[in-house]
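If you scroll down you'll find the structure; I have some questions about it.
Labels run A, B, C and D following the written order; every chain starts at residue 1.
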Amino acid sequence: MSYLMKNRSRIAAAGLALGVLGAAGGANAQEIKMWNLADAGGGEAEFLLDAAAEFSETHPGVTFVFETFPNEAYKTQIQIALAGSSPPDVFFNWSGEDAMRLARDGLALDLTEYANAEGGFAHEMSDGWLSSFAIDGRYYGMPTHAVSKYFYYSTAFFEEHGLSEPTTIAELGGLCTSIREIDSSIVPWPLGNNDRWKLNHLITMLNHRVLGDAGTAADYNLSAPADELFTNPGYVTAWQAVLDLQSAGCFEGAPNATAHESANAMFSAEASPMIYCGSWCAAQFHGEGFTEFGLFRLPAFEGGAGDPGAGFLVPTGYQVSAKTEHPELVAQWISSLVSDENAAKFASTMEAIPSNATLIDTVDGTEHYKWIAEDMASATGSVNVLDVLLENNVSNAYLDAGVEILNGTKTPEEVMADIRAVAIAAQDAM
Amino acid sequence: MNSPFGTQKQAGGRRTMSSGASNAILLLPALSLCMIFIFVPAMLAISGSLYSYGLTSPTRDFVGLGNYIKLVQDSIFWVSLKNNLIIVFGSIVLQIGIGCVLAAILDRGITFGSTFFRTIIFMPVIVSAVAVAVVWLIILDPNIGMLNKIVQSVGLTPPSLGWLGDPKISIWIVLGVAAWQQTGFMMVLILAGLQGVPQERYEAAALDGARGLRAFWYITLPSIRNILIVAVLITTIGGFKVFDFVFVLTKGGPANATQVLGTYTYLQAFTLGNLGYANAIAVVLLLIAVLIGWLQLKVSRQA
Amino acid sequence: MMSKFRITKIALYGIMILWSTFVLMPLVWMVLASFKTRREMFTAPYDLPSALTLDSFERAWGVGLGWFIANSALITVSSVGLIILVSGTAAYVLARAKSVWLRMAYIAIVVGFAVPVAAVIVPLYQMVSAAGFVNSYVGLIIVTSAYGIPFTVILFFAFFLDFPKELEEAARLDGCSKQQIFFRIIIPLSGPAVASAAIFQAVFVWNEFLLALLLLNSPGRKTIPVGILQLQGEFTSDWPAIMAGLSLATVPLLLVFIVLQKYFVRSLAGLGK
Amino acid sequence: MSFLEITNIVKDYGAFRAINDVSFSVEEGEFIVMVGPSGCGKSTLLRSLAGLEDITSGSLILGGRDITRDEPADRGVAMVFQNYALYPHMTVAQNMGFGLKMAGQSKADVKVAVERAAKTLRITDHLHKRPKMLSGGQRQRVAIGRAITRSPDVFLFDEPLSNLDASLRAQMRVELGHLHAELGATMIYVTHDQVEAMTMASRIIVLNGGDIEQIGTPLELYNKPANRFVAEFLGSPRINLFDGKIAAINAQTASIKIDGIADHLEISLSSDSGPMASGDKVTVGIRPESINDTAPWKIPAKISVIESLGRETLFYVNADPVKTLDPDAKDPLFAVHKSNQITAQIGDDISLGIPQEGVFLFNEAGETVRYPITQTAP
């Protein structure tokens, strides 16, 4: 080990020297720098390296630099890097307001021509997928896959105690109460909200279940008149649902101080029987050696306007920096990532739902993957998550509101008043 | 000249530089670095605070004092300022207070093992605040954290919202973690001062009947007055500079309860993209910095 | 009388042991936890590890900890060198200054010490970015150095005020220019002050976070504090790996400190002047 | 033109004038000692010569060269500092050779010069040592050696012996005297110790408040001080002074009335006496060694303190109501010097015989108006 360390640091030192020279001499004309999310799973790195090797065969002289960032840091760093002098050529992004703002501010490249060129990604996927990164029919990004969110539950625990999947939010609360009755020290559903987005994903879905798409759209894109913004009592109802779940004993005692990693670990270590987690979590749980779980969609809200068939769906993909020195090459590179073969390969290594589903049936995924793929295909609608959908300040206010609600420091009415104030200010600034 | 060693030849060509020019050569590198990277950005922050613009937006709009008007109405700004003050005064009490006690014990209270204790207690100072915060993050974890276990083992109930999740106590936890790291620094700083107090002074005091705590109060403290002033200044400046601890421990949460001016500037600038507004917060920090700098000069001249 | 004396002694030792334990526990736990398995972290987080496995160290190292350490070392050595050099020369001029302008320059530098990086980070980032120095070691080294200068100037200023004037005068008679006096007479005799400043700045630069976070954003160029944060983000619930990474990043430094602690302590003595 | 011409030197520190229009000249090979109380400007003057202080106005000509604005190293002067100012990080040899090295001389030349100087000062054995390994006296030698190595036109000494103990100081005085003779070099030496001035100087310059009071050989200054300040400054114990009033005067004699003494003190006058008039207040001066038992004019007194030094004896007597004008003493006592041992006891009554030949008179402005009649040794 110590020999290895020594050797590596020598290599590191040599690399540093080169790096300094590189920085001084300007970027290599054939270098593609690509940013990705760090905790997307180990499979992604391998997939990209393989794809890069393949791409280099047809495009000799191209080199790749892959850089990754953890979730929270990513959102900040990508903005900083794009505004700065040394942005990546191509970068991961969620479809949503952030991606659109980068397009509007001229930092994300218009890829329409490249996408429609021969071999371009526009030929690989449906218009529905393409629209996730489009403004007025112009493509400012290329979706690779979508993520969703489900309840994961321990099948062994549910069987042992005769529990069943809930069909309404109220039943979900009842489920928590039952679990607490079995053993009050068990946290039925660890939230892990210390990064704030865990509850944000839940409230996204609750807003939808209560208000429906039509009830929220004008508020979310700030197009409603100022005196009507976020005034729908449904928002308060959704928050109240969170409070009801909390008082039903669902969450851990200190959700705002618990990391989502801890919450995940509580589930995979079978300390907790249930968790609301992204579609990407299945691969993670498998990786941690826990496979005995089932899945269900967030249930309906009685009397809610939302379509219970609609699922949480965030398309994700790549955008290209407007400052890249070789846009065509970069466009070819990302297009190659959604070729039939690569898309299938991506789907199988990542257990993800690819934007190009041509060869999806050939993918030999796990049971859980197949379940998720089927469910997403059968969804009758899609709900994008608030923290990428809303304008930055409103999104932040919504994130903070979740913390206040869970801590009991503000009532649903109070947090909605806060959000409304921020939304009005943001609308003003537009 | 009839020196037996002959006359020293004056090197004719040598012409020494004028005093002004050589002053400039020696002074300018440091001065220009400070100017370019501290004062110019400070000026830009002041001018930038009069505009509204985003991190990625291509244009900026002049809003005059608009950002400042928003600032005084922004409760999170006042919470941040209050938190900075809590950290400043709390750190003075904890770090300098405890540091003083520990230093006094090391100086005259105990002999055996004093180097050992001094080394241990100073150790956290050289660990980066980020690493300190990450370790504490896990210790403070409400589900598996050590602190909960310890508190429960003595029969107390840990806060139900978590040490860092409860807005009423989270800022005090940040303060405590900072004290865990920095007290050793203050202890060693004060110890250095104590060791400069001549033994005769204590002997004279003993003859005058002042021993133990009275000697500490009447002899020791006045003797290390200068070092205490330096310690208070460093702590005050550090209290307004605080960023890393908060950023890693709480990111300003829960719901901005631990936000400080530094992290709030960062949040507004880089997370929310309100650069103009972030600059207005920064200007407040700058004003405080100038005030402290002025105080520092005042007392250092006096000292 | 004797017993009162002993009780006092025991109480004093009690206080020292209490605080030392408080300080030591997290550090010891950090190291112990690095040897645990992930399951052990949950089942028995505060027991001794069942077996001394180095797995978590390998996982942590795999993130590029070696790079982080190398980056931090490069940046620390360069910045500290630069800081000492320019602060030393500047403080020398300022300590000997009689003119109002130089007096004002000193005041400006002192005020600069109180300016938090966070307060100027927005324009600073834009300036560095506009100059094309984002992601460049040189950029970070220069900017970090700028923030290390004020404190170092203050430190050297106090030292030079006490420096025997006759030595400089003797050197002038011996034909030294101001620069020669500084480099041939003052610097060789400023060992304690230089060591003091170097130690302070090494700790400051090594641990500097905000500038490194913003100015070096590609993972290959990260410094230790930023790398640790990445480690924390990347290893989700793999706490043994995080603790192993933290141990690798801090324990060598702690050992260096224990060996050199005498000098650290001495270096602080200069501050009270 | 003299070797070193110092003309109209003025040095101001803001509103404070440290040196007030000072001029003098120095011949080659002279040993000039500048004395005066602290703050008199002697060190400032020396440092101005060295170039360590910029003078406000005036000029310095050394060997025909105007060095007024030259850099210190270019003036052809070397200086020995009070606290030696040796570079602690260099060996003795490096210390001594540093000036030549900076002047660009070859290593070999530097070595030769250093070794020669070391031999002169008998410090050859210490050349490889660091200054902190040396005793005070050795350090002093090295400091002098550093000056010698550079073969300057003028040596400047700034109270070089004040950090040494008494016996070493006496020894170094002799050695410096030898060195001056051996090198034949021009030396300017600042001290506040009048013994050093008296023993070593070819000429003494007495400075006071930025002005030169008098320049002359040691004996000239001792015997013919231009004023009361110089008379008081030179001589140990200090000259005894007391008030008097001229009761009567003519071309040959003056009769002085001393309060409390019935008989007038009769003084003979000569051509070098200054103007005096009847009724003038004067200060009478008498050196301790001039007081004897045989003089006709006597003051009754009582012995207060006896200092028996073996070979000689000093005693201090209370001559009330005649008080000496010593601002520092609580009981203004007369000092008396006897060049033998005495048997008297404290409390004994004696008479102080004041021989009129030994009397100084100073007018109200402090100028000397009557010198003692010089007695040359047989």
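Just so it is clear, contacts are C-beta pairs under 8 Å (C-beta built on N, C-alpha and C of every residue); 3 or more make two chains touch, one makes a residue touch a chain.
These figures come from a predicted structure and were not determined experimentally.
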The chain pair with the larger count of contacting C-beta pairs, comparing C-D against A-C, is A-C
Relative to subunit C, largest Cα-centroid distance belongs to chain D
When centres are defined as mean Cα positions, the distance from subunit C to subunit D in whole Å is 57
Subunit A to subunit D, mean C-alpha position gap in Å, rounds to 93
Rounded to the nearest Å, the gap between Cα centres of subunit A and subunit C is 37
Cα centroid separation, subunit A vs subunit B, in Å, comes to 38
Touching two or more other chains in subunit B are residues 14, 16, 137, 144, 270
Residue ranges of subunit D touching at least 2 other chains are 71, 73-74, 103, 150
Two or more other chains are touched by the subunit A residues 72, 80, 83, 259, 262
As the complex stands, subunit D meets subunit C at residues 47, 50-52, 71-74, 77-79, 81-83, 85-89, 98-99, 102-103, 146, 150
So, in the complex, the side of subunit B touching subunit A is made of residues 52, 54-58, 137, 140-144, 159-167, 251, 253-256, 267, 270-274
Listed in rising order, subunit C residues that touch subunit D in their complex are 164, 166-167, 169-176, 180, 185, 188-189
As the complex stands, subunit A meets subunit B at residues 72, 75-76, 79-80, 82-83, 101-102, 105-107, 187, 190, 194-196, 252-259, 262, 266, 392-393, 396, 400-401, 403-404, 407, 409, 429
Within the complex, subunit C is touched by subunit B residues 14, 16-17, 19, 22-23, 25-27, 29-31, 33-42, 44-45, 48, 98, 101-102, 105-106, 109-110, 113, 115, 117-132, 134-139, 144, 146, 149, 180, 183-185, 188-189, 191-193, 195-196, 224, 226-227, 230, 237, 240-241, 243-244, 247-248, 261-263, 265-266, 269-270, 275, 278-279, 282-283, 285-286, 288-290, 292-294, 296-297, 300
